[in-house]
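In what follows, chain A forms one complex with chain B and a second complex with chain C.
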Partner chain A sequence: MPSQPPLPPLLAPYVSNLPDSSLTLVSSILGATSNWLVLRFLHAALSSPSPNAAFGSDELHNGTKKKVVLVSFMRSYEFWRTEAKRLGLDLARLADKQQFAFIDGLSELFYAPQPTATPSISPSGLGSSPRTTLPMRSPPGAVPGRSPQPAWPTVTGARGNAMPKQAEPGIAKKLHFSGRGLASLDALEKDISSVIEQQKSSMEDGDELLLIIDQPDLLLAATGPSMGIGATEMSEWITALQQHAHATVLTLATDAPLIHNASTSGGLATPIETEHAALVIGLAHRARSVMQLRTLDTGAAKDVSGVLRISRGGGLNASEESLEEREALYFIQRDGGVKVFGRGES
Partner chain B sequence: MAPINLSHRRTHNLLLISKLLSLRDTASPLTLVLDSLEQPATPLLKEYIRRAKLSKVHVTLIAFETLKQPDGVDAFVSTRRKSPADIVKEVSAVYQPVAASNPSRRRLILIDSINPLLNSKRVDPGFHLPSFLGSFIAPTSPSAKVDASLVVTYHQDVPELPQQSPYSPTPISELTYLSTSIITLHSFSHVLAQKAARDRSLAPPVFGLEEEQEGVLLGRLDRLVGTGKAEGIVIELEHRRKSGRGVLEWYLLPPASRYSPQHLKEIVTLLDDNVLYNPPMEQDPGAGDEEPTSTFELGLTDRQRREREGVVLPYFDAQHNDGPGEGGRILYDMGEEDDFDEEEDEI
Partner chain C sequence: MSFRKRNIGLSPGVDRNAVPNAAAQLAAPETTPGIRPSPDDGRPTTSTGTRSLDNLLAGHAGLPMGKILLVEENGTTDFAGALLRYYAAEGVIQEQKVHVVGVPEQWGRSLPGLIGSAESLDEKRSDRRKDDRMKIAWRYERLGEFGAVAGSRGAPNNPGEQDTAAKEAPAFCHAFDLTKRLTHPSITNMYFIPVMSSKESPFLAILKQLQTAITSSAANTIHRIVIPSLLNPTIYPPNASQPEHVLQFFHALKALMSAHNTRVTAMITVPLSLYPRSSGLVRWIELLSDGVIELCPFPHSADAMATSGAATSQEEPPQGMLKTHRLPVLHERGGGSDQNVGQDWAFVLSRRRFEIKPFSLPPAEGDTEAQEASAPGGMPKKSDLEF
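Entry: the complex of A and B
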């Protein structure tokens, strides 16, 4: 099979040159995941215009240099690094050049490994959740609780050349969730914005910073209304992050139970169903464009992976720009290449 | 609807929407705009702002989801991390200098989405929606008479959270109860597609979230089958007059690219006046008498019609005894090609 261009031509206008302070929503379901599309966003922002150019020549790329901060709640750095490599993006190298920063929201979000030998149960931030009743180790004496927070910056390190003791270089920051309610979201926001500011410090005029947040809905699902975090708080949190970046891309799950139960079950929906639906639909009202991924309506096919529908979101300024809506099929090949084509084409 | 009715509606209801959108005479202190992902309220809010600019009305936007101050907005109030009381305070603060310099200036307050406020976890249980909204329209000090209109957008498709108290009404029913006008927005192409289906007695199609298809948030696509190039938004207006009488009307607001921002004349039309929605073919008065076309001549000439009317049908005879029918006996004239049947004659 001929190898596909890293950025399918049909997709290119939708993933590159996102306008200022725009929000793009990528929605996925279990059978049609969004990581390939996120990689296309990465590629559109980070690769040099000529496909043959070495990774080193990125800086001289028609004036605007783009930077990306990727916050991932669902997938590890290793995953993104490997997948990006297949597209010809060396994330580790781009990170060294301050063009890319990865924020890990997955590995230690609710777990704080102790830097010293102090055994301790993990985050007291989980409060009364059942986990505290099942300590991983029996804590001898006083539980140090969540006090090591100030110690963290020295361990994870602000990103930069001195990447201390971290096994994985290239991770700018690992997020840790602590406390509850708005305060905990504020802490996360501060962590992310500090990385963004760090990236911005080496930016020149006209440079653009793209913020990609992969599945922030995990945060909502893992905390929920019982911890004082609901759809409104989450979307305010996203608004705050948006203000730091030039453009923002979000991926969210739109599996049927998470979207439709809230409206159809007549008040019997669980809090996560209601909150998730409120978050996703609320964000779609704010988004400039919504890229919806779903499986083929007619069932599985061996040369189609799914359907991509690009729609105008509620936040599109229709009088200033137009966005052509379209629906296309996509096929992810074994080598990671993606073909995007209209119905009836191949 | 009847054509006589239509011209009446054309004059009165167009005047009404023009008054409402241009905020003349504070026709509606509280307007509720119900939108959905299929037809967001952004174009309508833009139209409000455009008209407010033309008539020099002071525009305040209370932003629950807007990031940047849009063009034409005089005061932009961000609501992040603010309690409802703080918002009220700030909204009245931004108007103070204006009120001081030009006390007669009218004021438009837009809320881009009320849902985040209703769903917020931080708002204390004592939050009272009617007094929150009321405080914008009727400031506490009686001396400062402000001519303010409030336009509140509510996203219909965002699910409501369960109520704190099971006995209190839902926010949306409170809102619909309070508002003086309710505007529900529809996408024109969807309205056309639904009408086309209804005209064929088919179930009207649903779009977007209502399709309940996994992975579909928005169903709107530019080219819907059978709708042609339909642009604009359909406004379903319910206006409650002071007398208590309600007015219901459907309008069409053309897209902003069709007219210049300085356009003064009314651009909103009745939906029934639209050629795509109501094709002129159907309004032709002679259309009902048309014969179906066929290769047979189905019509009658005048002479044929006269003769047909002159024919006396047998049952008319049967009704009076003196006629040749004699009470219903079957009269039969033999034709020359008929076989005479003896048995039949004996009956």
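Entry: the complex of A and C
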């Protein structure tokens, strides 16, 4: 199997050079996940154009420097780090260079582990991380951080500037959800924007910051109207975060039950379905482009992973820029390489 | 060739006889029993206790550590429960810590009894098939299966090197007998976490117990989390199925698994008749799981199926269809490329095994004349096809 370029040529125009204040929506379903596409966004923004990037010559390249803040609600840093490595991106090194920041919305979002937990997690859970960082880790992380939850917004505010003393290497911040309604979303927004501002502080003129939020819809599903969070609150939350970034990429689940139940089954739809549909459809109207991932309609195939459809979103200013709509097949190889090709091609 | 061999002979300390074993011995010391690297990408995997399910999991030949496998079942049968019992029993045999949520200790006492390693069962079956074959060189015929059944036989009369190597490698997956009860010293090590109804999320207490048990255990302990019939109203209080409770639990479970991604696996079953796949809640549960498998048993009365579903008369008729909606690791990367994806699978649960095999409909019955008519001709001749 010939190795594929990290960024398939067909895909390149859609994932790189996103215009200012644009919103790109990546929609995925159960059998066609979006992680590979998010990695392509990372690659487009973070890899240097020179072919020998691995040798550290990326300081020299012309044009704008890009930074990425990735907020992931479904995957751990470990996952993103190993998968990015397959594309030749060293996220740990990029994080050191302040080009990349990872915000962990998975590990402690709803339940923070007990303080006793911290010493024993590390040797096994982060098997690859150097042991030397462990002693440093527990004092700042465990003692102030895991104290009672209501104290969180103030504590994180204090910790926001203490980047070098971060709890785990590579993770800029761990999100914590507490309370209910708008206040809890505001606290999350403050956490994320503090990391963004931190990244911006080292930016020069013309640098661009790309914000990628991986499955913010989880937040809506796992809280819902009974906790005072609905589609309106969520989309306002996303708008607020968008303002901090040059361009924003969102991944959302668009499985049929989550989208279509709301409209078809009349009164039978549950809040989780109606709110999700409202959020996704609302965002699609605001987005510049929608990249839809789905499985083949005709069943599974051995050399096709799924279908990628790129369409214009409601937020595209058609008079100023053009975006070619297209539908292509993609195939993810064992080695992580991706082929994107038109129907009938190979 | 001769050049190389001489080279080996010259270098001191290399025993030629030891060379074949070297690889096995290198790997042996650091591996924990029941854990083996995936043939696909080397990540640690553990067995689900069902060999054919292991083989289904996207080329990893086991459930990768740190992953959640969701088994959904339609109807009122309990095939998923059987899979879950195998999974728990395998954990007991491998002396892993098994945490069972929501069922009384009775459940633990009804785990299926051990027969032996899964390989040995396969060997026996193939042996039985071999019986009616012509025998050549009968004195060597048992050599192949030596290592696999070494435990069940008396003194091995051929202490070959192959044999010792096979005995050193502990079995990865075992076979169980549903009619017997498991007796194993470490069966008392199972933890049963009750579901308490509370005003808060009923999962909060469960999660806390899991978290303390896993974080406070030694770093080399392997854990299995077994959650039978999630959200079943006979086990869970009504407020458990509120999305904010169950989805937060799944999210936190996912976090727990990724924090200990070399030590924990989980298998969860969900009754689809109560929580259909077309609902948003179940879809989110699926999205939060790493592997999703759906069992669709055939209606019990379908005796017609019993005769027509089996490809041959020797094979047991399939009892239902199995669908893979998502496979661990593979779909996390984006999906595709696995030969097992998109196949139609059928499953058969017998006393001794849960077998998953490709589903194939036999040629239509009552069409024997047509078949016979075409039989003499056999394959069409090449000249017939050319035009």
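The criterion applied here is as follows: the second predicted complex is superposed on the first by the 290 of 346 C-alpha atoms of A that agree within 3 Å, B and C clash if a C-alpha of one lies under 4 Å from a C-alpha of the other, contacts with A are read in each partner's own complex, and residues count from 1 in each chain.
Going forward, a residue touches a chain if its C-beta (ideal position, glycine included) is under 8 Å from a C-beta of that chain, and two chains touch if they have at least 3 such contacts.
These numbers were taken from a predicted model, which means no experiment stands behind them.
Asks: Return fit or clash for chain B versus chain C, each positioned on chain A through the superposition.
Replies: Once chain A is superposed (C-alpha atoms), there is room for both chain B and chain C without a clash.
Asks: Mind working out whether A:Ile332 is in touch with chain B, chain C, both or neither, as first, second, both or neither?
Replies: Once the two structures are laid over each other on A, A:Ile332 reaches chain C alone.
Asks: Please indicate which partner A:Thr270 is in contact with in the superposed arrangement: first for chain B, second for chain C, both, or neither.
Replies: second
Asks: Of the two partner chains, chain B (first) and chain C (second), which one does A:Trp36 touch, if any: first, second, both, or neither?
Replies: second
Asks: Quick one: is A:Arg312 in contact with chain B, with chain C, with both, or with neither? Answer first, second, both or neither.
Replies: first
Asks: Based on the superposed arrangement, let me know which partner A:Leu70 touches: chain B (first), chain C (second), both, or neither?
Replies: A:Leu70: touches no partner chain.
Asks: Which holds for A:Phe79: it touches chain B only (first), chain C only (second), both, or neither?
Replies: In the superposition, A:Phe79 contacts chain C only.
Asks: Considering only touches as defined above, state whether A:Asp255 meets chain B (first), chain C (second), both or neither.
Replies: The answer is both, since A:Asp255 touches chain B and chain C.
Asks: Between chain B and chain C, whom does A:Thr295 touch in the aligned arrangement: first, second, both, or neither?
Replies: Touch status of A:Thr295: both partners.
Asks: Considering only the touch criterion stated at the top, classify A:Ala222 as touching first (chain B), second (chain C), both, or neither.
Replies: second
Asks: Please give the nearest C-alpha separation between chain B and chain C in the three-chain superposition, to the whole Å.
Replies: 12
Asks: Which chain A residues come up in both lists, the one for chain B and the one for chain C?
Replies: Residues 32, 255-256, 269, 295, which sit in both footprints.
Asks: Along chain C, where are the residues that touch chain A in the complex?
Replies: Listed in rising order, the residues of chain C that touch chain A are 40, 204, 207-208, 211-212, 215-217, 219-220, 242-244, 247-248, 251-252, 254-255, 258-263, 277-284, 286-288, 292, 325-326, 331-337, 339, 341-343.
Asks: Would you tell me which residues of chain A are touching chain B in their complex?
Replies: Residue list for chain A touching chain B: 21, 23, 27-29, 32, 181-182, 225, 228-233, 235-236, 239-240, 242-243, 254-256, 259-260, 262-264, 267, 269, 274-275, 277-278, 280-282, 284-286, 290, 292-295, 297, 307, 309, 311-319, 324-327.
Asks: Using the touch rule from the top, collect the residues of chain A that touch chain C in their complex.
Replies: Its residues touching chain C are 30-33, 35-37, 73-76, 78-79, 83, 106-111, 113-114, 116-117, 120-121, 123-125, 127, 218, 221-224, 226-227, 253, 255-258, 261, 269-273, 276, 295, 299-306, 330-334, 336, 338.
Asks: Can you check the complex and tell me which residues of chain B touch chain A?
Replies: So the residues of chain B in touch with chain A come to 35, 37, 40-43, 46, 65, 67-68, 80-81, 113, 115-117, 119-122, 155, 157-162, 209, 212-218, 220-222, 255-257.
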